[in-house]
Amino acid sequence: MIFVTRIEHFNAAHKLWNDRWTPEMNKEVFGKCSNPNFHGHNYELHVTVKGEPNPDTGFVMNAKTLGDLIKTKIVEVVDHCNLNMDVPFLFGKFTSAENLAIGIWNELKDEIELQHCTLHCVKLIETRSIYVEYYG
Amino acid sequence: MIFVTRIEHFNAAHKLWNDRWTPEMNKEVFGKCSNPNFHGHNYELHVTVKGEPNPDTGFVMNAKTLGDLIKTKIVEVVDHCNLNMDVPFLFGKFTSAENLAIGIWNELKDEIELQHCTLHCVKLIETRSIYVEYYG
Amino acid sequence: MIFVTRIEHFNAAHKLWNDRWTPEMNKEVFGKCSNPNFHGHNYELHVTVKGEPNPDTGFVMNAKTLGDLIKTKIVEVVDHCNLNMDVPFLFGKFTSAENLAIGIWNELKDEIELQHCTLHCVKLIETRSIYVEYYG
Amino acid sequence: MIFVTRIEHFNAAHKLWNDRWTPEMNKEVFGKCSNPNFHGHNYELHVTVKGEPNPDTGFVMNAKTLGDLIKTKIVEVVDHCNLNMDVPFLFGKFTSAENLAIGIWNELKDEIELQHCTLHCVKLIETRSIYVEYYG
Amino acid sequence: MIFVTRIEHFNAAHKLWNDRWTPEMNKEVFGKCSNPNFHGHNYELHVTVKGEPNPDTGFVMNAKTLGDLIKTKIVEVVDHCNLNMDVPFLFGKFTSAENLAIGIWNELKDEIELQHCTLHCVKLIETRSIYVEYYG
Amino acid sequence: MIFVTRIEHFNAAHKLWNDRWTPEMNKEVFGKCSNPNFHGHNYELHVTVKGEPNPDTGFVMNAKTLGDLIKTKIVEVVDHCNLNMDVPFLFGKFTSAENLAIGIWNELKDEIELQHCTLHCVKLIETRSIYVEYYG
């Protein structure tokens, strides 16, 4: 078993906001992240798949195929978007890095199995001091 | 003469949009950056000052003083903000990296001279593939 | 279950030295790291916690809370310090990256459980070519 | 149990090519990586070992010893080489990052056990967007 | 006047070799870089242009236009290539980082002037410890 | 004219301290950097030389020669040292990044001219948020 990771990037706006709370409560819990006018990030996304290398190619999964799949299913949907307004797989959810990683996992899992490979980890780096990892 | 650079960071939302143009024209010129719902970035800001080292400290300018000045005048104003809506020194301007760097220069120039030092360069890294530099 | 990592930094002096050995033996085993006058590093610390996202916030643990906790319990104790002389949780121990990571784990474990979360990993990057990881 | 990682670097040329396929088939599967004249990479290699810290040194394994071992067994064999032509442990294999990581594991495993330590992971970063990990 | 830099990447094989010298002389001067079977690098290319921001866009030059131009004129020509065999603008030249930077400058200069902008600097990072800069 | 930069690294302890001041005054001006027991850094050193490429090699200066020269004259003198106690070219000086960069310039200038090249810049990165540059 070997693990292959492909890194892609996207830029997006978001805010952390709970509609059931007052603005004051949102400010208290989410701090500056609750700015109603949004802020944003350059996100770095690591998608790790696992499997046995194919004897005809030496590849667990062609990294270009993996990159194209991430671009089609994720980057084209979230890049230069507003995570609170524009992204179908996040509708009605908090746009925390945790929820974004879980959403990306759900979008990719079946697609990667169609490639005879297993999704192992979605790692999402939100800022230079915070990242999250989800293993399903 | 020696050059000292302090690096600070901020996260912000913005969009590139010319109000005198149609949405189609904005889309054509600014591409994905014209999303009306905004996108965003983790900005990395390098502020370079120059001068002679003080014989009592070995410093051109105390890096902590420089960092505090950048935090007070810039980071507190732009961090977790919407550059098109929340930042006084950008009101009425395109929020391109170029204009943001020029705006930061104008906010800092006199403050740094009060510290008996000269502002040399504002470098602003917008994404991992684009940065701008302004020397006044 | 999702994993959240917060990165913090500190700068410190240290030396690797076994008091029960001769200077020659220390030099032989620890090489340049045994300089009696100390050397130092910019340490990069990754603290990973795990748990379920809170349904009210989307957070496993508020990253600001986690950052504040690391700053209070670790960074304020070790930053700009001499690891061999100034740090209570290292008194009487070798200041190897391994022991420093274990010490940080012990300082943080209970504090993180008070936040209804579980400490998963302490990763400590000592130089650009060496890092250690401790999982308890 | 604690994990210690040493990072080393090497530069090499390679091509991805299956001798049993036509040039057209190689081009279709491997794309630009099938250029018969080779291309190349700056590889970054992370070797992780695990064990208990030695009570006399605080070390799981002396990082200098680990670095010297990686340099002798791997870097001197692959650095500034052509992976398809010059590297004995890759003769007759595809020079994918996957196979290179497996080959490095096989070269290092016994050597690290001679140091009373256990090889845990070989991580190989091929480009800024692809890396592989092998745990045996 | 403001300076805008676009970063692009390419991977290539090369060797340093003077045909007028003996293999021994090549080995003595170029060391491991003279391996006849080639080695390779992940090159990072910074192209800096300068000009006044356009009052209609806030741009010195549209970064996407600049990126497309670098991709068409440079990356498509050198990426996944052998610099000694495949690149017309290097035929008959040593493939040192210096000559590669000068060649890139010559390929880009007129194209950038067609965009009403001035090429300021080509910076080429060959490894994590060597880079060159050319200002024409 | 082309510019070539070689990057080297060293780790060192230091403190910022003015012997003519009281401990309170040192604390007020230098903050945590005045800890009498020292702190330390991983320094990253960029040495830039300039000249014309040699027609026989394509090199302004052989990067290996430049690296060896920096290692012999600088890294062997400062690596794993205490800048306040162990480094002859800093005796009696404040060990600010500014003075360290000036000291490195003075140590290297004549050596580089012996190689028929001109020293252009010494850049010293002290932490991830502070660097200095000296051009003589």
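Here the chain labels run A, B, C, D, E and F in written order, and each chain numbers its own residues starting at 1.
Keep this in mind: a residue touches a chain if its C-beta (ideal position, glycine included) is under 8 Å from a C-beta of that chain, and two chains touch if they have at least 3 such contacts.
Small disclaimer: the values here were computed from a predicted structure and weren't measured.
Note on interfaces D-E and C-D: more C-beta pairs are in contact across D-E.
Rotation angle, subunit E onto subunit F, C-alpha superposition: 120 degrees, expressed as a multiple of 5.
We define each chain's centre as the mean of its Cα atoms; on that basis subunit A and subunit D are separated by 28 Å.
One finds 33 Å separating the Cα centroids of subunit D and subunit F. Within subunit E, residues 128 each touch two or more of the remaining chains. Contact topology of the protein chains: irregular, matching none of line, ring, star or complete. Chain pairs that touch one another, listed by label: A-B, A-C, A-D, B-E, B-F, C-D, C-F, D-E, E-F. By the touch rule above, subunit A contacts subunit D in their complex via residues 1-8, 48, 53, 56-60, 62-64, 67.
Only residues 9, 11-14, 32-33, 35, 37-42, 79-82, 85-86, 127-128 of subunit B touch subunit A when the two sit together in their complex. Contacts from subunit B toward subunit E in the complex involve residues 16, 18, 29-31, 93-99, 101-102, 128-135.
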